[in-house]
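Both of the next two complexes hold chain A, though its partner changes from chain B to chain C.
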Partner chain A sequence: MKPFVFTLRQEPAHRVDLSGLAPDRISGRSAAEIEKIEIGTTKTVIRVGDVFRVDTGDPGVVRFEGGSSRFDLVGSRLLPDHSVHVVGDVGAQLGRLAKGGRITVTGSAGAYAASGNAGALIEIGGDVGSFLAAPLAGELGGMSGGRVIVRGNAGMRAGDRLRRGVIVIEGEAGENLGSRMIAGSVVALGAVKGRIGYLNRRGSIVLAKACDPGPTYIDCGSHNLTYAGLLARSLRSDSPRAAAVLLCKLRRYGGDTAVYGKGEILTPE
Partner chain B sequence: MSKATLDGKAIPLQDACREAARILGGATFPVIAGLGADVAGARAAILLAEQLRGAFDHLASREILADLDVMRSFSMFTTTPNEARVRADVLLFVGPGLSALWPGMLERLAPGQPPRHGAQAGHPRRVFWIGPEANEAANIPATVIPASCDELSELLAMLRARVGGRPVAGDDARRTGIDELADVLKNAHFGVVVWSASSGIDPLAIEMLQAMVADLNVTTRCTGVPIGARAGAAGVTQTAGWMTGFPPRTGFGRGYPEHDPWRFEAKRLVESGEADAALWISAYDGEAPPWSNNDLPLITLSPAGKEPGRGLYIEVGKPGVTHDAVEFAQEIGSLALRKSHAPTGAPSVAQIIDAIATELRGEVSC
Partner chain C sequence: MSEIVRNGVRIDESFAEAFPMSGTGILITGPNAKWARQAAETMTGFATSVIGCGCEAGIDYELSPEETPDGRPGVRVLLFAMSSKDAEKQLVNRLGQCVLTCPGSAVYSTVPGEFEIKVGDAVRQFGDKWQTSKVVDGRRFWRVPVMDGEFFCEARVGLTKKSVGGGNLLVMGADWESTMRATEAGVAAVRDVPDAIAPFPGGIVRSGSKVGSQYKGMGASTNDAYCPTLRGVTNSALDADIGCVLEIVIDGLTDAAVSAAMRAGLKAIIDMGPEKGAKRIGAGNYGGKLGPFHYHLKDLLP
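Showing the complex of A and B:
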């Protein structure tokens, strides 16, 4: 069956909330009904039809032909076995609270991408904004499952309060990578700025480039870790470069000892 | 009598209010920014933002949210300065410039005097200061742990590790001072940490500090005194809280309050073109807006002498100086009435915004 396609007519003047276009929300509705759904976030009424041309198809496979940095909440609350594909950029909170499924964005994503993700595989072809996989203001936990692959660079505080799941950043990472991590894994292949793993409890941060982890990470020597080999195998199809780093002999820094010291930063020898 | 100008030329106050109402009423998504005002001014501004279905942000939101993020996503022990003065047997100041951010700090906390209550009463207070400015701690009996602003978060991490008896790497020369401080805090009856997000420490470092306070409370007592941000920030935050349930950086675009520190940051809203008009309020010190977009229709409310050359300007008085004002008083940790000591008759922010709101409703004002 052909996918359900939203083709960009014109970029909206204001941010739009696309959480109403989740596959389970458009299922069984006609193109005319969907074009009437309000997606505006200001007093100006913006409807789906003002921004997109709608071609109905399998609601389990949604495509956006054309994106915008004003498209917030794309793929939010996505369910397992569903997929969303965006040709272009997206705005804030991509894949917010997704339960499963697959989200791919060929362009860049805004702030809070993968926030609260609980199981989706999210792939971002370009760069991603600040607070990748982080909790929103006032929330206690970050991403709790699934996988995020960023081919470009990430903004500051990627992986903040990460609880479970894997984040791979193939480009550079902004300041405070892996801050307040609870658990889970973050792999960064490019350069990393500033503090790393500040307030990290039990999370694993893998850095392809050597770093100074600061005084609250203790050098535990170099190891061939079984766990790293398993993670490498699971990452092989999504990010061969990340898998290659994990197969190296890794120097382990245990920390953040300010918290429990049960987390770690791993870098190849 | 208030002064109003349009692109530098004087116009009558009523015309100015009408013009302001025209600009804001015609905008799709106006932002009320700056918000440097007393409680009445903040109340009027937030009501106006709701009426306009715009957003509001405070000029010191970064500092406000640094403390608030720790409180709402972790936890925060705080007390009033007076409680710290009478009970603290250990005082720990963190960061540079605290005595400039709160000029009455040393007088109120009296670090040189012993505490008066509890088992610690009468024993001399131990005072530590991590990273003060040069000579800032010279007049108090403080043990200084020197640190640049960049080193503070690292030192706080080391301190928390040592309070918990966990190791830190290397033979850092700073270890001795940190170990001594960790020991003193653990053996204190009532430790108090004093910090300010305005001194440059970030939310993660504040979380580290507060996490150490939480760790200490397992075996003894320890708490904190935060020094609030400038331009009425603490009072505006409380006002926003009781009016909307949220702090600044809240929008009413969909008719109900939504809080998003990223989306409703005034500078981002203006520079991205999402906001199409701005009301900038800086009644305390007449700060200029932080954005670079000069084409945006702009209405400025600030005190005499701080008139911008561009846009619509309406002069307002300084809260607590030229008119009586309720604002958050750092010295007592509560809202307080400040009597004016140099009244000029210049209107308050609340009076001007009420006049604009009246014009918006199409009623006769002034």
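Showing the complex of A and C:
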């Protein structure tokens, strides 16, 4: 069955909230009904029909032909066995609170992508903004499951308060990667800046390029970790480069000893 | 009793009577095949019969590094017990004493059963609060620091109550050598069937038992009807040309696995023929009233 397609007519003048176009929320509705859904976030009324041409299809497979950095909350609360594919860019909070399924974006994503993600596989072809997989203000925990693959660069504080799941950043990572991590794993293949794993409790941060982990991470020697082998096998199809790094003998820096101290930064020898 | 003949081997019109069991399976990986197998062999030692060992366990098959979750050589082990509680107790004990202790080992669940045994959740406490958990692809694992690195163990493994224990083949030949030759061929074929094990030494038991004893308090005793040295003085089931009987006992995760294993074993023994191997094949049962699974030899013939 062909996918449910939203084809971009024109980029909206204001930011729009696309959380209402998740597969489970458009199921059973006609194209005319969907075109009337209000998606504006300002005083200006913007409806789906103003931005997209709607071609109905399998609501479990939603496709956006054309993106915009003003498209917020794409794939929000996505359910397992559903998928959202965007040809182009998206705005903030991509895959916010997704429970499962798969979200792919060929372009770049804004801030707070994968925030609150609990199980979705989110793949971003371009760059991603700050606070990847981080909690919104007032929330205690970040991403709690699933996987995020960023082919480009990530902004600052990627993986902030990560609780579970895996983040792979194939490009460069901004300042304070893995800040306040609770658990989970972050793999960064490009250069990293600033403090790494600041106040990390039990999380694993794998860095392809050697860096100074700072005084609160303590060298624990080089090891062949079974966990790294398992993660490498699991990431083999999503990010072969990340898998290759994980298969190396890894130097383990235990920390952040400023807090719990059970986390780690791993870098190839 | 012997009316069917295949390739010169007489087949009893009998059946193996088997029982429901709780079964579980784990994959043990190691830095190399030797140490993966060492962990598996240690864990499945003293696990021939639930009567005295608490469980029946054995190696199901070996996996190449390409086939395991962590890219290391692996061995799949199956463990069966009479109740899920017994299976849990035996698995946790054996994991803690035989696999955790084995250099380089890691443990993964391989049975998507209806129930779960909290193995990693029990063994993790050995980490004395240095252990950490990781969730990969929805499965939780524990990393327990040990002296050679980390013991990596899945938090929970599946357990199924649809397992079957007690499938069997009685291999009867002229002497020990020919009977052993046929039985070994049968065991090799049984071991090629996934989800089934032959838990006795080398897959073979020579002390088949009957229910009851002349001694009080003995629930089982030697199956005198199949003891060749008693052929003339007891109500023997053996023909004049039978000088040795060996048994292959089979446990499987499913009814179909036991059936397939018995079928494979039968074929291998029959293919060898009576000159080099067995002259007759039978199966052990208790009259059909105790176990709900009946595997009739005539239905499993090649």
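Heads up, the rule we're going with is that the second predicted complex is superposed on the first by the 269 of 269 C-alpha atoms of A that agree within 3 Å, B and C clash if a C-alpha of one lies under 4 Å from a C-alpha of the other, contacts with A are read in each partner's own complex, and residues count from 1 in each chain.
Here, a residue touches a chain if its C-beta (ideal position, glycine included) is under 8 Å from a C-beta of that chain, and two chains touch if they have at least 3 such contacts.
The shown structure was predicted, so the numbers you read here are calculated from the model rather than taken from an experiment.
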item	value
Combined model on chain A: chain C and chain B, fit or clash	fit
Touching partner for A:T257 - first (chain B), second (chain C), both, neither	first
Chain B versus chain C as contact partner of A:R102, first or second or both or neither	neither
Touched partner set for A:A183, first chain B, second chain C, both or neither	second
A:L247 touches, of chain B and chain C: first, second, both or neither?	second
Partner chain(s) touched by A:G214 [first = chain B, second = chain C, both, neither]	first
Partner chain(s) touched by A:L225 [first = chain B, second = chain C, both, neither]	second
Superposed model, angle subtended at chain A by chain C and chain B (C-alpha, nearest 10 degrees)	130
Greater residue coverage of chain A in the superposed arrangement, chain B or chain C	B
First, second, both or neither for A:A137, with chain B first and chain C second	first
Lowest C-alpha to C-alpha distance for chain C against chain B (Å)	14
Contact residues of chain A, present in both the chain B and the chain C interface	none
Contact set on chain B toward chain A in their complex	28-29, 53, 65, 69, 72-73, 153-154, 156-158, 160-161, 164, 166-170, 172, 204, 207-208, 211, 251, 253-255, 259-263, 274
Residues of chain C defined as touching chain A within the complex	29, 31, 68-72, 106, 130, 132-138, 141, 143, 149-150, 152
Touch list for chain A against partner chain B, complex	13-15, 40-44, 70, 72, 92, 111-112, 130-131, 135-140, 161, 176, 179-180, 195, 198-199, 214-219, 256-261
Touching residues (chain side chain A, partner chain C) in the complex	119, 145, 164-166, 183-185, 202, 204, 223-227, 229-234, 247, 262
